[in-house]
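First up is the structure itself, then whatever we jot down about it.
First chain written, first letter: the chains are A, B, C and D, and each begins at residue 1.
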Amino acid sequence: MGKTFVEKMISRNMGTDVSVGDIVFIKPDFCISHENASSVCRTFKAIGVERVFDPDKIVITFDHTVPACSVEYANAHVITREFVAEQGISHFYDINGHGGVCHQIMCQEGYSAPGRVIIGSDSHTCTSGAMGALAIGVGRSEMAGVWATGDLWVRVPESIRINVTGRLRPGVGAKDFILKVIGDFRADGADYCSVEFCGDGIAAMSVSQRMTICNMCVEMGAKNAVCKPDEKVAEQLRAKMHGGAYEMVWADDAAEYKLVRDYDLDELVPGVAKPHTVDNWAPITEVAGTRVDQVLIGTCTNGRLEDLQAAAEILRGRQVKVRTIITPASVEILRAAIADGTLSALVDAGCTITSPGCGACIGLSYGVLGDGEVCVSTANRNFKGREGSKESQIYLASPMTAAWSALQGVISDPREAYTK
Amino acid sequence: MTIKDKVIRYGDDINTDVIIAGKYTKTFSIETLAQHAMEDLDRDFTTKIKQASIIVGGSYFGCGSSREAAPIALKAAGVSCIFAKTFARIFYRNAINIGLPIVECNTDNIHEGDVLVYELGSDTVVNETTGERLKTQPLPDIMLDIFKCGGLVEYFRQTGGY
Amino acid sequence: MSGLTLSEKILSAHSGREVRAGEITFCDVDFMMVPDSTGLYAVRSFSQLGKDKVCDPAKILFVFDHCSPAPNENLANVQQYQRRFANEQGITIAEGGEGVCHQITVERGHASVGKLVVGADSHTCTYGAVGAFATGIGATDMAACMASGKNWFKVPETIRINLHGKLPKGASAKDIILTVMGRLGADGANYRAVEFYGEYFETCTLADRMTIMNMVVEMGAKNGFTCFSGLGIQADPDAEYCEVHDFDLETFVPCVAKPHTVDNWAPISEVAGTPVQFAFLGSCTNGRYEDLKSAADILRGKHIAKGVRFLVAPASKDVLLKAVETGVLRDLVEAGAALFTCGCGVCVGTHGGVPCDGETAISTSNRNFKGRMGNPNAQIFLASAATVAASALNGCITDPAAYM
Amino acid sequence: MKITGKIWKYGDDVNTDYIFPGVYTYMTLTEEEMGKHAMEGLDPDFTQNAAPGDIIVAGKNWGCGSSREQAVKCLRARGIAALVASSVARINFRNSINEGFPVIICPEAVRTTEPDDTITIDFDRGVVSNRSGDYSFAPYNAQIQAIMNCGGLIPYIKESLKQRGKLRQA
């Protein structure tokens, strides 16, 4: 009998064979925390250990409240800064022109790599599965425990395999794919599971698109998600990488799955997740014409250069009808968007640029929604109150759908942009 | 109407950021404004105002931004009147426009806890504690008219506008 | 009778009669600018006045700049309240991210020579740089003005300031206004107008003039003018001034306003070496392209000091686009600057870039009052764009002259 | 151990934004302060009136969404005795164990519990009892039980570090 990706990864990490249901302790290659590091620090000190298990294996970025929008947030940053200095944590991304959303940093800077175990105190840590890593989100106290001991308890999960064939059509994005998958599986359809994506449809996608897919798997409950790593990942890591050599790890052909599903990208249409749950999928045609007050393009789901380029391609030379906020996922992306003219095209079209980071997605600043407002967002959650008022409504969509809708002032089918 | 009460004394250049910080000004909640009035300058202000409703400043009271929330916050906190040697221009207009009495006079010899008596509109304020009588600067006619109506909104409602 | 000052001229032209300093006069207002910070009260007061329609929607501009994009639910609703009113009344809105109200008003030509402009923001005096009589008013004042198209003004006395000679290397328009203010004091021009004269204004940029005009309110002025031959309007040669001050620009040096008052002037030599953790380049005072460029010229190919956060908020989209086009933005970002949304941003402490307790900030903005940037336990030094850039580079307050 | 409490009944997919809204997530709050915001995004009645010893009964996928552990801490701070759910989202389940907050997976009990019910949880026997009957639930795995016995992950780690002699002597 063969092993799934996650069984193989945990077995490798333990140096002994494990099977589904076992509860074991694993050792992360890198740990990632963001603003909640200040809380992790506090809990870490309460444990009473002097030093973190390995200061070179901890990555911290500020992304949720940058630049600080209140004294409370500003002072919380200080707690982490002091801890970082005291413990000699070198992989620290402050507000100094190099940071970004933690998951973006993990992939972009090459902390996440095939065969590595990544633990993050954020639910979207699963994004790093796009790099072929086993990437698992945990709570903040748990992270304090990892900092203290270097160990994390895990239950070896069941696996789901999703075979993807075909190619995305013009106006259809990786976001449309994952929204459809979540719509099919429902919000708890992959609870506790490891989700493996493979097939020529995935192989044809960029790493950035795979990040969009893995990012959202937590929205159907997955413990982790992973795309079969390949040369594209290797090429990105040749350009920039932290840590030692990595090894491509993938499931055996004869591995056993709880579920296997096939998707054909050729048949995929643009879709949205309607308010107020991520699995509330609808094809774009069902919601077209819905009034929009704000459009948000960005976040760890769709804030990469390719996403901004896709929006710019649609917006170039036109004017948005509703306020449109662009939040790049990292400074590196912002810099690239400045260099290739993407940023100018977006600003010319009437978009508002915010500092790179989580921005309005978390509802803490930089574009919070008011009562009764409707937002088309490329983020990953549309829960009631997520981006501000409990009376607001969020439709999750691809950057193409978001940009095309911004031009019309109502939710619109982005395929029109490619035919007109 | 006569105002008679004890004095809370402040110095020169009391700016609008300390009267009410920018982070609190975007609200219609009078309670919020009252609660945070003078917060960065005098943490005991909200206690003091219960015993003494007259604020006395030195020169240039209310300098800084055009935020009308500054006089609104003071009025909401229970300030009955402000005396100062001079007021910043916009604060002066704003106070009258929202119906908060403010008076220019030489405040050098007024101290914390002194009791002032002032008949609104008159040209003299009496410091009961020291017995001193101080000349006040009269309001221009237009401001007096606005003030008599209780503020600019009332002035418009009563007179139909300029 | 003596001649007229610029303020007397413009207010006379808008009163239908000649008016002199000290008089109170009703004037027709040419343009009204309403930012989101005070707009909520202006709209509410308007709704209580008993008028249905504003006098003329084309004369009014709403700008969402002080707290945009909205940092919280309350402000989102506050903006929505203003947005609804503006849409009902047919008033144009500059949405969050388009820029700081004063920059936009000048860029779009709403303020120009001889015009009478009021804004519900104290730094409305900035438009004196283009020859407008421009002054800040409160929210209820603005409501009355939107309803009637008029306002009452006390014609100000005018202070004349003569700047002689040339400005030395390293010093800039910001150093001029900080130095003049240091000398005259924070209430040195209260209720008055200020006319600036001197050879300097024949060659300086509009950006320089705007920087100087922007800060006259910090010495209490109602409004001001930067006078030069090309302004398009001149005071009479025999106009009467309440005070005349002469300054020799040759003696000016890069300088700062120390915490916590704008007139707490010090030459850079006195404070050089003071550690800073936070630097801000932007605002209606110094967020223009020329400011970004002067910072980029210092930082190009270098990197800001470790432990310093350096935020840059261009004053408008036009500024941002030009900075992108010329490579200035790239230079700044590569030097470690963090880009912030065009607008008031960090200056007002309401939606981003709040300093921590005990931190020292150096800022190109116009106020260093306690708590101004959102934290009363931080210290703020005001300085020019060049001084802020040099200080970010070294992690301590630095004279920019050596880098220019 | 046996607990009996008044219940608060909820449906499926109650997410972390409902249990503990994002606006409070990055504030440095004490657990008591967290407790004051419990369920604020969904149920103001709970936020006002939940009492120590009460039990939450919920449908499937309780706690889906973010990894914020305040979504557990706030309930514990309010004195909520336990959660009985049809299923619990992964990270929330972990956070519950790590906080020493009892979570019982028992779809049958959830299905049959009425909103005004009072239920009893017998941990030793592994049984939830309500008006309509007794429903058994699976015990925790031994490793998880060890963490729960210590009162959560942090005390558990302290204990194990002490045994390994790695903990600084206070």
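Convention: a residue touches a chain if its C-beta (ideal position, glycine included) is under 8 Å from a C-beta of that chain, and two chains touch if they have at least 3 such contacts.
This structure is a prediction, so every number in the text was calculated from the model and none was measured.
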State the smallest step count from chain A to chain B, taking one step as a move to a touching chain.
2
Intersection of contact partners for chain A and chain C:
none
Geometric centre distance via CA averages, chain D-chain A, whole Å
27
So the centre of each chain is just the mean of its C-alpha atoms; given that, what is the distance between chain C and chain D in Å?
54
What residues in chain C touch two or more of the other chains?
72-73, 75, 350, 374
Can you list every residue of chain D that touches 2 or more other chains, as numbers and ranges?
23
Could you tell me which residues belong to chain A and also touch two or more other chains?
70, 73, 75, 363-364
Touch-based graph of the chains, sorted into line, ring, star, complete or other:
line
Could you run through all the chain pairs that touch each other?
A-C, A-D, B-C
How about chain B: which of its residues touch chain C in the complex?
13, 15, 17-18, 21-23, 25-28, 39-41, 59-60, 63-69, 72, 86, 88-90, 93-94, 97-98, 140-142, 151-153, 155-157, 161-162
Using the touch definition from the top, list the residues of chain C that touch chain A in their complex.
68-73, 75-77, 79-80, 95-98, 304, 306, 308-311, 317, 320-321, 324-325, 329-330, 333-342, 346, 350-357, 359, 374-375, 377
Residue positions on chain C within touch of chain B in the complex are 24, 26, 36-38, 40-41, 44-45, 48-51, 66-67, 74-75, 78, 119-122, 124, 136-141, 143-144, 147-148, 150-152, 154, 186-187, 190-191, 220, 222, 261, 348-350, 367, 369-372, 374, 376
Per the contact definition, I'd like the list of chain D residues that touch chain A in the complex.
13, 15, 17-18, 21-23, 25-28, 41-42, 60-61, 64-69, 72, 87, 89-91, 94-95, 98-99, 141, 143-144, 147, 152-154, 157-158, 160-161, 166-168, 170
Could you list, by residue number, the parts of chain A that touch chain C in their complex?
66-71, 73-75, 77-78, 94-98, 323, 325, 331, 334-335, 338-339, 343-344, 347-348, 350-356, 360, 363-373, 388-389
